[in-house]
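In the two assemblies presented below, chain A is common to both, partnered first by chain B and then by chain C.
Entry: the complex of A and B
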């Protein structure tokens, strides 16, 4: 935790209100996000119980598994979810930009012009917390290999056709969510933590409602209040029956809710189904009609309790989006969102080309490539956040990695040699204390084109740098490229562009140190079922 | 040299006085080295393509690398050497060029950086930023990061990978195409490679890209049996047993020198202060714990930093002389290092030392080294002053508990190590048992940081001086 965020936490404790950690919004927010509040059944890891989802704040749609242990019902649930989520995702695939580029022809080795499609916008899923992301990842893993009736060998239990497609999308989105700064799939608690500090611990901040209680009074608290007491109330207040007044954001449910509300409702539903089955076996028409009514009643009761368990969190997610939308967007968001659009477009193309689902495990080369991408994106994110946001830059300045100040003197100097180039000295007055050893490279923030400098000397209150580039090609610097005395400047001691990642071999060329080329393993062995 | 028949790994068949229960340290080390060189230079038909050497601190790893390079070149091989940082590469170039003046050495460097002058002062060293200009050299040395970019039609037959335990698996994946056989040398007890992004999804895979190169190599080539260097020439008799027990419990090593071979004598008497008492304690017993009262502090604890700086200043003022098997030498600033866990702590110590007039800028002449554990890896000093990673902390995170961090800090010295810490660390450890999730397929690392920290602290408690 940086000094500045520790300070913000302390201030949040004193003010009993969340304190800003950012002056701008550092993640892209879609105009048409899909919010999902997933719940998991207790006992079986990754067994879905329900999900409340939708793109319209006023019209959430609930899907649930009446008997979470029943696989057939589980597939019906996943198919229903797929029929909502996949069309939403695919709706962004139609409008494209055409980009002209060039590609090396694999046969002739010559560069040939190609036109590539880039989707103009991309979908965005928002879940309440990191647990929601992991739950979607589990669902993706367990469904993307499912065989359907369309398979040549559908197996004994073919799943509805939409299910494996949903699995591939969920796998792609949850994998992309691991890339720092990406915004295709976002967890609301993570978004809020990036932008505000509360006066509670990081662990407590994982509870969406408790986190929000540092911003807004929780619904139902009388008299309305924010801060630690409100957070504690929303986390732990129970009604006369011992049930939490504000259900947890999931995917895990409150055990008391499971015991007192959910289990009896599931039992009643099971019993009604059993009555109907017996009546059907006895071909008793009147009894079948009566039992069907009972099933419908039990189903409606389950829907009622599960809606009550997810609706408060649904509203919390939207309230979080309101808070975030009130912040101005950071300058580099379109740049990073373009990366997300590429990610979406490329997966769209893989699905359209009929490629097989993502393998169960990454091979050595793919894993190394993903790690390199994440490290590159982490570096890019840190740089862009610092450039976009004076508060983020302040953290770097406090850490001695940058300094801000005013140019108090400019000494024009030139490089030696036949065609001298401008190498002016800037004397910068600053209260920062950067780790600026003489000779260290520095970079001028917000300079266009990029401007490199070298630290000449550093004393308390004053740093002298020599500008090395970004002043044009002539003997005299381009007008405006050298800051005048009185100009406010920021120099960073870190580079302002992430380093390229080194090339890696093709998977087929995996060396002996890493086990050689991966052996092609059938990812969906006949009859195999990821659930087992 | 040594008889290859009696070589490692079967110590029982050696000849001479070493056949007794405990051969002399020099003999045991020679035998191990001979066995390694045999496996590298004259591999048996069908032998594995890799040779791995585990080396505890100061066990002659660099000497081994130089000897292996010379023997391979003498046998007519072109050799590539991979090290992890530019300073490691420059050190190695300097060492290799002085020991083997007849060998042509290519120093491959990045286009935006220049190698250190020590590496370039030799006539047999050529520095270039393109590998094509170095293909004629007997040996080409560069960092793993630079090697990853090298494209060549002519791969090397032989490579030496130095500090291989610091190298990440994905870096090895990118460079392994450049050689057929390789000698991997490193210290398994030092800091593991790390990354700042999430890698949980690959935990347990044999080729987890964020794990150490050696771990991946051994997982995929189980027929490789690591060799060991059994003797630390750096650590004094007072330190080797503790470091061996605390950090290498299953691969013990011993000191190459006896308790009387190394002494540290102050020229001036102490002034009665706690700092001087700690220096006397360290001079006499090899260790001292200068303990400040318990308190939770910010990372750059001003009092602890002042205590570290005062200790360094008194070390230099009291005209200490270090006597060892290499002769006697006064303790000068270049022979003293300060180790910390964080860079801001190092910066604070440097600023405080500069205020006290102690030289800390290497550009201005001989200076005290002040750096983090990561950067002190592979370095050697006569006396070290360590700011304990857990001093003043309210919690013990995985970073601060990492075994390698403490191991590096406690194993840089030839004579004595003075640890500066706030009281209460054992209680802090007891309050923070490790809670990292256990990942399937990931070997549990022994000893864990918790255990190693306790082992070191209980030893230091015998050398405690309260400030």
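Entry: the complex of A and C
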């Protein structure tokens, strides 16, 4: 946390209301996102309990596992979720842009023109918190290797065909969520933290409803209030039965809810199913009908309690989206969203080409590539955010990595040589204290085309820089390319285009220091040991 | 009461028992110790734990109950998992240990599982464990599994009782076994969970080291990384047993806890001695909940809060997830406007500015006067305040430029 965000938090404490940490919205928001509120069954990692999902705020759809230990029911649940999520994801694959490019032919080495498809839009999943993202990642890991009835060797417990496909998509999306600035899968708490500071700690901000209580009065609190007291109310207020008035955003449920509401409801459902099975075994028609009614009743009761446990969070996520949509979009969002569209398009193509699911562990080259990509995207994100948002730039100025000020004097000078080029000196009056040692390279923010400069001297209150580029090719600078006295300028001491990392070898050329070329390991058949 | 083995109750112990009132003593467990070691500066927690006060009931009576609890599903699954471990004579536990110790696979194995009197009082159980441990350590060839032994560890002058899941003794050395419910997925587990388990196991190892030193009549070695060469001394690598992938099949992984052991030893030695805490306590303070005949606490919350306030706390937001009194201390920190409510790091950033109001006042000191921050010599601002002024100016400027205000 930087001093600027600490300051915003201090202000939030005083105002008892969230304070801005950004003046623009730094993440792309889809017109048609799918919101998911997943719940996990306690005690078993990655075991699903329920999910409330949908693209229509008014019509969320609940899916749940009536008996979380029952594997068949779990597959039915995952298949039902897949039937909702996969068509949503695939609906973005139809409309494409055609981009012409060229590719080097691997045999002849000549450049051949190719036309590549890029999906015009991409899906966006929104979950309440980072826990939701890891839960989806676990679901992806546990389902993408499942064998289905279509496999040559379906194993003892084949799963419905949609399930491994869902697993591959979830794995792709949760993997992409690790890339800084990506927006295919977003956690609402993270989105809100990027844009506003609350008067509580980062730790407490992980609780979505408590975080939101610094923006809007929580539903059910009388009289309506925002701030610390409202946040504490959603965190801890309980009714007469000891149940939280505002359920946690998951994926973990409140233990008291498990004990007092969920466990009895599951028990009743189990009992009803047992009665039905007994009646079926005894071929007692009347009893079967009565038992079927009981099962239906117990099922409806479970649906009721699980809906009550997820619906408040569902509304919270949408309220968070409302808050974010009210912010103007940052200038570089289309640029970063294009990266997400590529990511989506490429995975769509891999699935269509029948490639195998993502491996359990990446080979050395893939891992290095992913890491390099994340580092590059992190650098790009920081630069773009600083250019898009004066508050983000303020962070860099506070750190001494940039300075803003007013041009008070321009001294025209030229480089030596046969064809002199303009090298004007700018005297910039600034209250910032940049780490600007003479000779250090500086970059003018928002310059079109890019403009490089060199620090000539720096004294408190005044920095002199020499412009080195971006002034055209003639002896005299292009009109408008050198700021006039009186112009407000921002110079950064960091580069405004991220550096390309060194190329990595193909996986087949992995050096022995990194384990050599990956050996095609027969992935242990995924059926057997899992979820027994 | 489990102070009988200490002979006559000494004055500090008598005072601690007064603090607790007639309620039964809560003994410290390893999780509490690990949490305490994570925040060694908290005198409130140190004293309440030493006195064995039921912090859950205390927090309840103070009006801000702890949010902790365990789901019945988690408990059931935990029990199911433990019962799997006991199949085939604890084969899951013993196989990796044998590999590590180089014992041939085919060598016959006779495993002794002594009765550790699980329903006796803590003091008796601790004595019984010590005896069983000494006996097992004396047998070089046999294998002994101590199922839920009870170990004693003196923490800041008061005894704490610790219950590891299991301790395996072979060839005069013992290994702590820690059973956890988080999975080892594709060969790796969540580092936060593993870290917490390692810290907890380190407390057990420390207790075993002290036990071995006591048995041999020698002091504990000064270096925390030194391997004890005494009968019954613990290995510095513990065995972490977790479910494998998404199954309920157990997998045992060795975890080196030397670093955690060193940290725990250092933190515990830093903890203020209980007698000093008691000396600083005003007379008449007690945390007795004054339960009536039906067991309902009758002590007024205000009076209790005043008693709790007599012992200073070191609140940080992390406390909410580890300490029963977390919500209470947070509300106190908020009332006082302490900057700790925003996180531990904030304290360091703000230097001598200890409250929200102070910090904001310092930030605004330069803001009113115009664009030039108060940088003059001798303006009385320390470095943190000066940076804050600078930050406030940048923030105001950026918000104005962004059109937010």
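Note that in this section the second predicted complex is superposed on the first by the 524 of 532 C-alpha atoms of A that agree within 3 Å, B and C clash if a C-alpha of one lies under 4 Å from a C-alpha of the other, contacts with A are read in each partner's own complex, and residues count from 1 in each chain.
The working rule: a residue touches a chain if its C-beta (ideal position, glycine included) is under 8 Å from a C-beta of that chain, and two chains touch if they have at least 3 such contacts.
Being a predicted model, the structure only gives us computed values, none of them experimental.
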Is A:297 contacted by the first partner chain B, the second partner chain C, both or neither?
neither
Looking at the overlay, what does A:72 touch: chain B (first), chain C (second), both, or neither?
neither
I'd like to know which partner A:41 touches here: chain B for first, chain C for second, both or neither.
second
If you stack the two complexes on chain A, which partner ends up touching A:91: first (chain B), second (chain C), both, or neither?
neither
Decide which partner touches more residues of chain A, taking chain B and chain C as the two options.
C
Please indicate which partner A:102 is in contact with in the superposed arrangement: first for chain B, second for chain C, both, or neither.
neither
Touching A:201 in the superposition: chain B (first), chain C (second), both, neither?
second
Which of chain B and chain C A:361 touches, first, second, both or neither
both
So, A:142: does it touch chain B (first), chain C (second), both, or neither?
second
Same chain A residues contacting chain B and chain C, which ones?
3, 361
Interface residues, chain A side, partner chain B - complex:
3, 178, 180, 361-365, 367-368, 370-372, 374-375, 378, 399-400, 435, 438, 502-505, 509-516
Which residues of chain B touch chain A in the complex?
49-50, 145, 148-149, 169-170, 172-174, 176-177, 195-199, 201-202, 205-210, 213, 216-217, 220-221, 298, 343-344, 347, 363
Using the touch definition up top, name the residues of chain C that touch chain A in the complex.
64-65, 67, 69-78, 181-183, 185-187, 243-249, 317-318, 320-321, 327, 331, 334, 337, 339, 341-343, 345-346, 349-350, 356-357, 359-360, 363, 371-373, 375, 387-388, 390-395, 397-399, 401-404
Contacting residues of chain A [partner chain C, same complex]:
1, 3-4, 6-11, 13-14, 20, 23-24, 41-47, 68, 138, 141-142, 199-204, 228, 232, 235-236, 253-256, 258-259, 263, 360-361, 389-391, 393-394, 397-398, 431-433, 460, 529-532
